[in-house]
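Chain naming follows the written order as A, B, C and D, and within any one chain the residues start at number 1.
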């Protein structure tokens, strides 16, 4: 197993350098790089699956000739749980990317290498067991992503997006620096096993972790880079970023919980609040977007919120009555997996639409389902999944979180904080779900249904096979994980147990997924039977009847044009009269603050005014200051 | 897990569901001092529609046809989870209430998409409203149900609505039920597009919500839609009336009888409301829904303190 | 071993005045290589090279000697290229080409002397000599701007160093007993040995003056004012050497004094100064970089910032000094890389203003690669060495419980990061303003930066033991007191 | 005798603060150097050190004669005769000069210099010379004047070093002298070129480089 880890890492590295070898023939290098990456991801699946099943971590340690830190890898259940979506999503988006870039005339570009670095970096993030190594690969990952975002850098807006992404990721990482320095200073080592022994002062660390990892995960307020970077990036990449890269932040939080051996109840309250905020904020903002990829980016914020709700329920439950939290954690983990699948699929679908119509504004689109049926069907399916409708996988994970909170409710007979929190969780989950439905009906309806709203849809068509196949595979996974939710749910529970610190752990928790997961496939079957029989009934009754096509009833108005259709803006008219372009957090907080810092600090530029006599004066004054210091000291 | 005895109320529901709208209309007519339509009018409509051919709007796609079917199937399936009159539902398992809610969501999803598929701005307008209001009703329902879960310390829809012994005092229980009953009643009105949220008998498309979505459906499809909506009314009605049935339990058959009476009462209550209220302005409707949310929140506070 | 090392640059410098051009160039290359070779041999048998009154190579010395030698070797080809580009232009010059090379070598000699000199007075002389030898190089091509830059450089540094001389005087006064004819009295070894018996008041005064004096040369705010001008106007290879090698030499002077002060129990006082000026430089540089408009000036400010980091991390205490020295190496490499690349950009685009340079990635990708690599390295990102050094500095700050310093450092670094990339992204990406089709092909001489990139990556991934030992020795020399 | 020399030095310094004519400034700075060396000859107790004589002789030669000649040449090239619009007007400069004098004397009296046999007065005036030099650099607006200021500052430092620390070694002194010589030489050349480029040596206009 250890060898497999090392092989995977070295193959990613190889893939990163592949274009250098084929510098003369870019087309070949593209394919070979992609294939290498795919193979590497494939190999990475083997240890992950075996670890998940056997639950025996794979470890590898190597003395490292750096002043601090060591090359310590460890693949435990938690890592494995994140590696599986990582591998699947990256394989598929590599394939998709091949199709996506088939006929762009760019010569040699860093795309392949940076994709390999991004994926490899995420892989390393998940398995690194040493603070320094972690930070190193974390930065590698972030910057590879930056170069991928800059892929279409001829478009002016992309440069801005790239810069915002850089700023966000760097500020986030600054918090991680503090976190690890503080932590290692308490544990006097950067090794995770050492850090796990730290007892006191975990609260501060937790806040730092939330800030640092939250900026990557896109907690509401720290999310401002998502709606910039995801649309700017090529769709094959934005799928990867939104599907799995932002999950690295979630991984970080999980890893922190795993390593910190005592939890406070307020941790749960805080992250639950974050979840509510992100979920509602994200979905409301998603609802009023007019750019399809921006909307999907905000929807990622919403799903991160749902995951946070799960974590919050988990922490609260655990800190109250040991075994209560499991369901919440399992739900969060399960949703990580599911969201990775359908969000990548959605971005691929959006990518094919953009590829075919060269616009991201949904109000220019419409009626695409006739022109690109495969995309439409898969997109519809992913939408259903992300809205948590049965029988898709989204429903399974949200059900998990619901059950977690309901379990807390039903185990307490009198008022206490957990009860209140789980009521809040249930209410906000429901609200989020409702609005998610609203916004995805909008996106799907306006884009694919009705009639074309403008010329761009004229020669739209389904993408090439290389782009279709990944979407279909993902769709298949979404249904599979929805119907057969029982098994992944059980695995999620098994993984969740490893999170709970030994101080909290009690024996005799049933690690079987709740029975309702058995019901899902049955009920879905029943649903299909019912639908089928209804169809049969309908056909039978219509057999000897006349079926005609006629104009629509438009209140008697009989020259409707396509541009009279309800636009996306008017669809979400009840929420916001006109779709807003700038992000509220950006407008309210970040731009003013950064402007202030910029203005106040760039006033020092007056110092450099060019008059050498005054420069000498500075020296004299500095001298006087120092002398006074030496007299008082 | 499966309770075959409860197939009986289920079948009754299938039969009596269309009757509710008849009762409603009768009540309204009585209040208006008219004779009003026959109480079995709905059955006649359905029958007529079943025998009609259909007209499909130009360039509508398979989704347009799929909408009514999936909706009907989903609502029908939801019926299997529904405890009627304090009896255990056909399927009862921990957490099935979420299944219940999300099945309805699935049905709604397809109805709205079908409306969107026509490309007629009116239907799309209706779709938008429907999506918005249902998004606001869902939390009310779930909050209320989880509150019941807290009360009954159980996680399945049937057990939530099951009769609980050791109620401290009937008065207390009733008083605690007032809020949630109100909340659920409003939800029922909204979900089934009754006055004051929506007026099924209006003739101005601009003000419709549910009706406008199905403007272009005809024949058997329309029949499906109509039947599904009456089933839906039954569902919500029984959720609402069920709150009261938690307070007592005599025996299976008695319960069923009482339950049917209760449904009739609910229907006539709707009729009364419809004849005493005018339809609200569209901008006012969110306030009504928020009111219901506040009611359920109040109820939560009431029970946990 | 030391004497040839000292004499070599001066001798070759004088030899370069011969009128044979090709010979001259070969001579320069050979001198650079020989210099590196001598340094290495000196290092290899460092056991039997005892530290004399005037000259001696100690651990700190070796650290900076190596930096200087390596950088000199690396900048030599670009210098030759630069000279080749500017021979036939009838532009007025301060120096003829032979003299340029001669001064260039003298500059190296002065730096070597400074690093190797063990006597405070001699060190002073050498540092002043570096100023005098490098000043003419700056305005090799006479323009208003280059003359102005040179003038300011010369004036400000001379005044600063004169102040340092006062410091030396105060140092002699601080000696317990004054014996005439005591050359060894002012050697660092002697002072360090008898640090406790020095008069504390005069010692503090001495440090104050010397700190300000050499701080001026090192480019700590607010004495930094000459630095942006000189660095932006000098020929790029020269600015590379100025920023990457010269500043370190000045820093060495402060370090040596710091040892004495810590030995005599005034570490708090001295380190306080270092920290204060370090923070000032950091924030000043941050503010400047946020709105930089000239990429060479931007690089100069980033030098100020990094000098601030060095001062801060040395002052913060023993734990962060390893990081400091590692960072000194990394910064020198990265800054050299950046300045050489800036020279390449300048030679093609003929402008120093940031907003006039766009789309390097399209016009000349190799330069874009160097530029981006340098930018990533200078802000301290993996896989470059600066990441490791900055991280170890931070953990050092943590171990010393300087949480406020850590926060300030991170804040300033973030500012620099934002400013730098605000400038770099538009330069590299987008559509090029002018497709310079004339000189798009890179000549082999311009590939030397590749070496720097490789070294940075090596330092970032796996630090070789030799470097490790070098740094550890230097830290110990700072430490043992 | 010593006192007379010191008094002259003070007067020269004040005159340098007050005079606007560059030629006389240059002459004075040379004079300054010579005076300081002679003061050193008088003040230093042990003159038996052979290298002391060499140093003094050299410094008189270089600072007293050579450099003034050089600067005169530069001055002739740049056809400017007098300092116009200084940052600080001449009367004010002189008053400030008096203030500096007082300050330096005060400092030299309070400094803890037990081991030194030199009268503090001498030290005070040496410091005063430094101050004058710095003041000239800061307050005058011609490059050449700044050079003069630098030179006078160096004179002062030289004096201070002679007074406070005669354990300075021969080599160092030689090096210092060399540095100063080269430094001022280069400055002279620069002044020459600046003047060629800008048609004047007024450093008001030496301020293109700024942010």
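Definition applied: contacts are C-beta pairs under 8 Å (C-beta built on N, C-alpha and C of every residue); 3 or more make two chains touch, one makes a residue touch a chain.
Nothing here was measured: the structure is a model prediction, and the numbers come from that model.
Touch-path distance (fewest steps) from chain B to chain C is 2.
Touch-path distance (fewest steps) from chain A to chain C is 1. Interface comparison, C-D versus A-B: the higher number of contacting C-beta pairs is recorded for A-B.
Using CA-based centroids throughout, the chain positioned farthest away from chain A is D.
Centroids of chain C and chain D (each the mean of its C-alpha atoms) stand 31 Å apart. Averaged Cα coordinates give chain B a centre that lies 101 Å from the centre of chain D. Remark: chain A and chain B have CA centroids separated by 36 Å (rounded to whole angstrom). Chain centres here are Cα averages; for chain A and chain D they lie 70 Å apart. In chain C, the residues that touch at least two other chains are 151-152, 155, 159, 228, 288, 291.
Multi-chain contact residues of chain D (touching two or more other chains) are listed as 134, 137, 146, 203, 206-209, 211. Counting partners per residue, chain A has 605, 608, 612, 616 as the residues that reach two or more other chains. All chain pairs that count as touching, in label order, are A-B, A-C, A-D, C-D.
Listing the residues of chain D that touch chain C in their complex gives 46, 49, 112-113, 115-116, 130, 134, 137, 143, 146, 150, 153-154, 157, 160-161, 164-169, 171-172, 175-176, 178-179, 182-183, 186-187, 189-190, 193-194, 197-198, 203, 206-209, 211. Of all the residues in chain A, the ones that touch chain B in their complex are 366-367, 369-370, 380, 384, 387-390, 395, 398-399, 402-403, 405-407, 409-415, 419-420, 422-423, 426-431, 433-435, 437-438, 441-442, 444-446, 449-451, 514-516, 519-520, 523, 526-527, 530-531, 534-535, 538, 541-542, 545-555, 560, 562, 564-566, 570-575.
Those residues of chain D that touch chain A in the shared complex are 87, 134, 137-141, 146, 203, 206-211. Interface of chain B with chain A (complex): residues 1, 50-59, 61, 63, 69-70, 72-74, 76-77, 80, 91, 93-96, 98-99, 101-103, 105-106, 108-109, 112-113, 116-122, 124-125, 127-129, 131-132, 134-139, 141-143, 146-147, 149-150, 153-155, 205, 215-216, 219-221, 224, 286, 297, 300, 304-305. Every residue of chain C that touches chain A in the complex is listed here, in rising order: 151-152, 155-156, 159-160, 163, 204-205, 207-209, 211-212, 215-216, 222-223, 225-226, 228, 266, 268-269, 272-273, 283-284, 286-288, 290-291, 322-323, 326, 361, 376, 381-383, 387-388, 391-392, 394-395, 397-399, 401, 403, 406-407, 410, 413-415, 417-418, 421-422, 425-426, 429-431, 462-465, 468.
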